[in-house]
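Some notes on the structure that comes next.
Chain naming follows the written order as A, B, C and D, and within any one chain the residues start at number 1.
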C-alpha cells in the first residue's frame, strides 16, 4: 500500500507555479471574519472574483474536461491545487457552490452533448454560481417524496410551480438546479425530473430562513438559507436533464458525491486551530495543551479527525482508482457528521465556555470555536440525516433489503 | 416528595427480628465462591434449605397473600426483609427462582382459585423451585413466534412436544412453566397457552448449554443453561392457566415484571465491591481510588449506578403506590443492561487486566470483577434484548404505533 | 416514600404552566434572544406580583418562605421556555447569597426589594481562568481604610446587563478560602457590564475600573465569603437543575409531538426505530436529571447531608440538557435549527448551563470528594 | 497512492485463509480455549513449514525477510480465528526483540530456531503494577560477577506456558530507561509459568525463584534493553493490530451473516434499524482499526517516522475489538454467548488484547507525546 501521492518533478514545478499564483492573486482580506452583512457581501464578491480568475486558468474545476471549460488535469494535479488553496483556508470553489459541484457532475453523466456545452463552461469557469433545490416542506429525508413543486410541459417549455426550502446561502445565485414532480400519479422514483435553470427567471422569489448555524459564507451571524417560491415559472424544455421522469436516477449521481462517495484529502482545519488555541491559551499559567484533562480530550478529538481523514483518503482512492465501492460513501458522511456533533461536547468540556463566545478577548480567534459549536449541530442534517446515512450503509452492506444495493455512479463520459 | 421509607417502631422491631433470625440461620458458608461443580451443588442445597426456612416464616415471598402461603406483609416490611438479606449479598429467593417469582405473579392474576391453591403455596414456602421456558430456536426476541413447542388436547390431558432453549441454570428444577403453541393456524398472540407443570414428568429431558457468563448459581465456571426436550409429555388440563390460546395475555404479566416494571430498591453490589477494591488496591504505592484517572472513572460508574437506583426506586414507588406507568419498566431494564455492558469497559479501563482474572493473587476478591466482565455482556439479552426494550419504550411513549400501548398488569386479586 | 408532588405544588405548577403559555410562548422567548438584557419589564412585574422573585426567601424578608422543592416546581416551568430573565440569578442565587452572607441589617435593606423586583441581583464569581472554586477568585480589592477599590474583570456573570446590584466575590487573603463578598451598585462609576456575544445566553463580562466601594458594602464578615457562597450554591444549584429539567421536558414533548406528526416515507417518523432511539436517549437523560435533582432537593429540604447529591445532580443535568438537545436535533433535522421553531433557544441555553456554576467534570470531582472515596 | 494489496500479498492471504478454514475452523479454536498452553503442536509445525514463524526475520537468520505489511496480511488471517498460539509472542515480538537487542552471535544462535519453530520465545515485560513503560520494570537481578540471580514475578506474559525461551526485561540501574534484557531458559530451575485463570487468553504469570542466569544470557549490552525493546515494540504492535483487525473482520462477517439468516417477526433481523445500527457501529470500528493499522505499517515499511501512528493504531484497535464484540453480542443475543458458536473466543481475546502491550489511554498519551503537543 501507499498512502501518499508521489509527485514528479513536473508536478513539483506545477505546485510552485500554483503557490506563486495564489500568493499574488488571493487577496489577504478574504481571511477576515466578516463583521456585518454588508462586509459579508463584499467578501463574497472578492471570492467570486478569485473564482473567475481560477476558472480562467482551469483551476476552479481542475479535473473537469477541458473541452467544457474545466482544467482537464489529472488527479495528482487536482490534489496539488486543493492542498495549495487549503493553505489559505479555502476550498475549490472558494465560495458556496455545491450546486455547481454536484450539478455539473450530474450533467456530465446524464446531459446531452448540447446540454454539456450549454451548462458546463459557465460553471467550470466560475462565471456563475449554482444552488441546488431539493428539500420541500413535506420532503426532507424522503427526498423521493417531492410533490409540492411540479413541472408541466407546455409546448417547448415547462411551467414550474411550488416551493423549496433550506436552499443555498446568502448573497443570491445565478443558476439553480432542482428536482420537481412531473408525474403526480407516477410511481415513486419514476415521477421526478431534473432541471437546470436560470435563477433570475420571472416568477422566482426568495425569502431568507434564519438558522442556528453561522453564516453560510463566513461570519459569525446566524446562518441564512432560503425559501424559494415558484409562481408559474416558464423554463425551456432544454433545461430538462436526463429525460422526463428520470430525475431520481440523475439525482443518485450527486447524492453519492454528497454522501461522501468522492472522498477527501487535506488537513482538518478545526483540529489545526484547536491545537494551536490550546497551545497558546494558558489557564492558571499553564497552556491548556499541557493539562492532562485537556490533553486526553485532544487525543480523543485528534484520533477521530484522523479516522475521518483515513476514511476520506480511502474513498478518494476508491473513486479515482475506479475500485468498486459499497457502504464507504455514506460511512464517511455518517462518521463526519456524528464526529462533528460529538466534538461540540468534547471541545466544550476541554476548553470551557471560551468555546461559546465570539468575543475577541475571551473567545477564540475569529470565533472559530464558537462556529464549530453551532455548525457541528447544524451540519448533521444537510445532505441526509445520520439516520438516512445508516439506511444507505445497511442496504449496501446487504442487510437492509433482500438485494444488496449498489453505490451510485459518479463517473461519466470523459 | 419523600425518597425514603419511614419506619414505625413496630417496623424497626421487625427489622431487629429479621436481622437476628438471619444471623442465626444464614450459614456463613454461602458467601463462598464455589470452586467446583460439586461445591456449586452443595452451596445450592444450602440455599434451598435457607429458602425453605424463610418460606416457613412467610419471608420468602413476603408480599404474597398469606392465604396461599405467602407472607401477607405490606411493602414496608418487604423492603426491610430485602434490605436485611441484601446485607448477606442475597436476594429473595436466595437462589435462581425467577420462574417462581414471575410464574406466581401470573397465576395470582390469571389462575382460578383452585389453581392458586394448588400451585402457589409450594412456591411461596420455598418447597419447589421453578424455571420458566420461553425461548425456542426460532423464537427469541419474537416470543410471540413460539411454534416449535406445541400442546394438543387429549381428553383431560394435553400432550406437549417440542424444544425450549436457554432455560434455567444448573442443578435442576422441580417445576417449570412454559408458553406453547396450541393453535398453529391461529392469529398471532391468540394461539399460545400458558402451562404450569412438574419438571419430572416422563418425556422431559435436558441437555446443558455452556455459556460465556459465569455459573448461574455462583462460581466462576462457565454459566450453564439448559435445552429442554419434550417428547409427548402428558400434562393434566388443570396445568393450563388463563385458558386455551390466552397464553400471550397471561405472559404480559410476567414480562412487565421481568422488564423492570416492578422496580427495585437496595444497594448496588458491584459498585460497593468495586469501590472497596479500588480503595484497598495500590498501584505504585498509591490506592487506585486516589489516582485521578481511576477516580474519574469511578465517578462515572457511580453516577450510572445511582441513576439506576433512582429509576428502580421510582418504579418501585409507582408499582406499590399503584400509579399509572408507561415506559418506566422497560426503561429501567434497558438502562440496567446498557449500563452493565458499558461498565465492563469502564472497569476494564480503570482497573486494568486485574479485572479479567479470577486469580486469587492478581485478580479481585472472589473474582467478582471478572464475573462482571462476563456477565455484563451475557445479561444483555435475557428477558428481551435492549432492542426489544426500546421497542416497548417507544410504543408506550406513544410513537411506535398509532395507538399508545399500556403497561402490563402486575396486580391481581389479593 | 412518596414521589408525587403535594397538592399545593400541583397548584403552583398549574399557575406557572398557564403563565408560561400565555406570557411566554415560543415567539416571545425567541424574540428575546438577541436582547442585550434578559429582563423583560412586563414579565418581571408579573412574576413579582405572583411572589416568584422571593420564593426562596423567608417571610421576614418579603419572601414566601417556600421549600426548595416548591421553588423547583416553579423553576421547572420557567425552564420549559426557556424563559430568559434574572429569575435564578437574582431570586435564587443572589437572594440566597445575601441570606447566607449578610448581616441582618443588610438582609433587611436588600432582600425585600429583591422579592418585589425593584432590585435585581447577580453574583459575580468566576474570572478568566473559568474555575468555579474559591481558587478561581483572584480579583483583589485595593485600599484598606474601610473602603475598597476594585480593578479587574469577572466573567460569565449571568444576567449582569439587567442587574441593579452585583455581589462580587473578591480575594482578601492568601488562604484558599479567604474570599469576601462585596455588594456593588451596578451603576457605580467604573462598572461596565457587557453581554458576551455568541452561543451563550446572557453570560456577561463585568469590568471594574477604579470602582470605589464603601466599607458598608462588605456582606457580613470578611474572609467568610466563600463559606457563605458555598452554602448558597448548595441550595441554589438544584433549582438551576430544576430549570434544566423543565427545559429537557419541553424539548422531550416537542420531539415526541414532531415524531407523531411529521410524515416521511408515508408514515409518521416515530415509526422508524432510529428516530425512536433518539427519543429513548432523550427520555433517559431527562429522567436521570429529574430524579437526581429531586432527590437532592428532598435531602436539602429534610436537612440531610446533600453535598454529594447536589454535585451529582448538576453533573447529570448539565450533561442531560446538552444530550437532550442533540437528540432533539437528530429528530428534527432541518426544522430543529430554524431559529423561529424555538429549539435553538434551548440548545444555546443547554451549552450555557453546561458550564455555568461548574461543568460536569468539576461537579463529579467535588462529588467524589464529598463521598470521601 | 495505492491502497490495494500487492499481488504477492493477495496470494499470501489466499494461502492463509485456506489454512485457517482447513486447519483452524471454529470448533478447533473453541476446543483449544481451555488448554493450559496455547500451542497446538500440529498447527505449529505446519505454520513453521509455511515459513510463517520467521516472517519478520531477515533471510540470514532463517526468516523470509518479508515487509511488515506482508506479515500483516498473515496476521489478519490468524486473527480471524482468533487462532491461539505463540505466533505473535515468538515470531514477532520475541523475534524482533532479539533482532534489535542481541549481538550477531546471539541472533545466529537463537533466531533460526525461532523461524523453524523449535524455540518458542516470549517477552516478559510488565509486572503487578501493569504499566507497559520502562518505569513499570522493577524486577532487579542480584549478583554481579557476570551472572545473575532472578527473584520475582512477571505478569500478563503472553503464551509463557508454551515458551521454551523467555526474554525478561529487568531493571539494572536507577535511570528510568536502565533496563536490560535477559534470555532465560523457560525450563530453568526456579522458573514457573502459569496461565492466569479467567476471562483472559493465555496471559501468564511467570515467577522466578532463585533462578540462576549466566552472563551470556544478557542480550546485547546492559542498560540498552529498553531502547531495543521500544524499537521492537514499534514494529511488533502494528502486527498485533493486524491480528485484531482480522478478528474484527471475522466478527463483522459472522454478524452480517446472522442478520441475513436469523428470522424473527417474519423477516431477517437485518431489516430492523436497531440491528443495522449495531452492524454500522461494528463496521465503523473495524474500518477505523484497519486503516489506522495499515497507515502505520506503511510508514514503518517506508522508513517514515511512525511512532505516533503506531500508538494511535493500538489505541484504536484495542477499543475497536472490544466494541466490535459488544456490538456483535447485541446482534446475536443468546446465540452469541454460546461457547460453541465461537464469538466468545473473540470476546475474550478482545478483552485480553485491550490492555496487552498498553491500553488505549496509555497509547493515546504516548501518541500525544510523540506528536509533541
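Just so we're on the same page, a residue touches a chain if its C-beta (ideal position, glycine included) is under 8 Å from a C-beta of that chain, and two chains touch if they have at least 3 such contacts.
Predicted model only: the values in this text are computed from it and were never measured.
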item	value
Most distant chain from chain D by Cα centroid	C
Approximate Å spacing (C-alpha centroids) for the pair chain A, chain B	53
Distance between the centres, which are taken as Cα means, of chain D and chain B, whole angstrom	40
Whole-Å gap separating chain B and chain C, where each centre is the average of the chain's CA atoms	42
Sites on chain B at which at least two other chains make contact	387, 390
Residue numbers of chain D (touch at least two other chains)	272-275, 277, 361
Chain contact topology (line, ring, star, complete or other)	other
Contacting residues of chain B [partner chain C, same complex]	1-6, 275, 278-279, 289, 295-296, 298-300, 302-303, 306-307, 310-311, 313-314, 316-318, 321, 323, 327, 331, 334-335, 387, 390-391, 393-394, 397-401
List of chain D residues in touch with chain A within their complex	1-5, 69, 256, 259-260, 268, 270-271, 273, 275-277, 279-280, 283-284, 287-288, 291-292, 294-295, 297-299, 312, 315-316, 361, 364-365, 367-368, 371, 373
Parts of chain D lying in touch with chain B, wherever the complex brings them together	128-131, 155-156, 196-200, 203, 205, 263-266, 269, 272, 274-275, 322-323, 326, 329-330, 333-334, 336-340, 344, 347-348, 351-352, 354-356, 359-361
For the chain B and chain D complex, residues of the former touching the latter	135, 138-142, 145, 165-166, 209-213, 220, 222-223, 283-284, 293, 341, 345, 348-349, 352-354, 356-359, 361-363, 367, 370, 373-374, 377-378, 380-382, 385-387, 390
Interface residues, chain D side, partner chain C - complex	272-274, 277
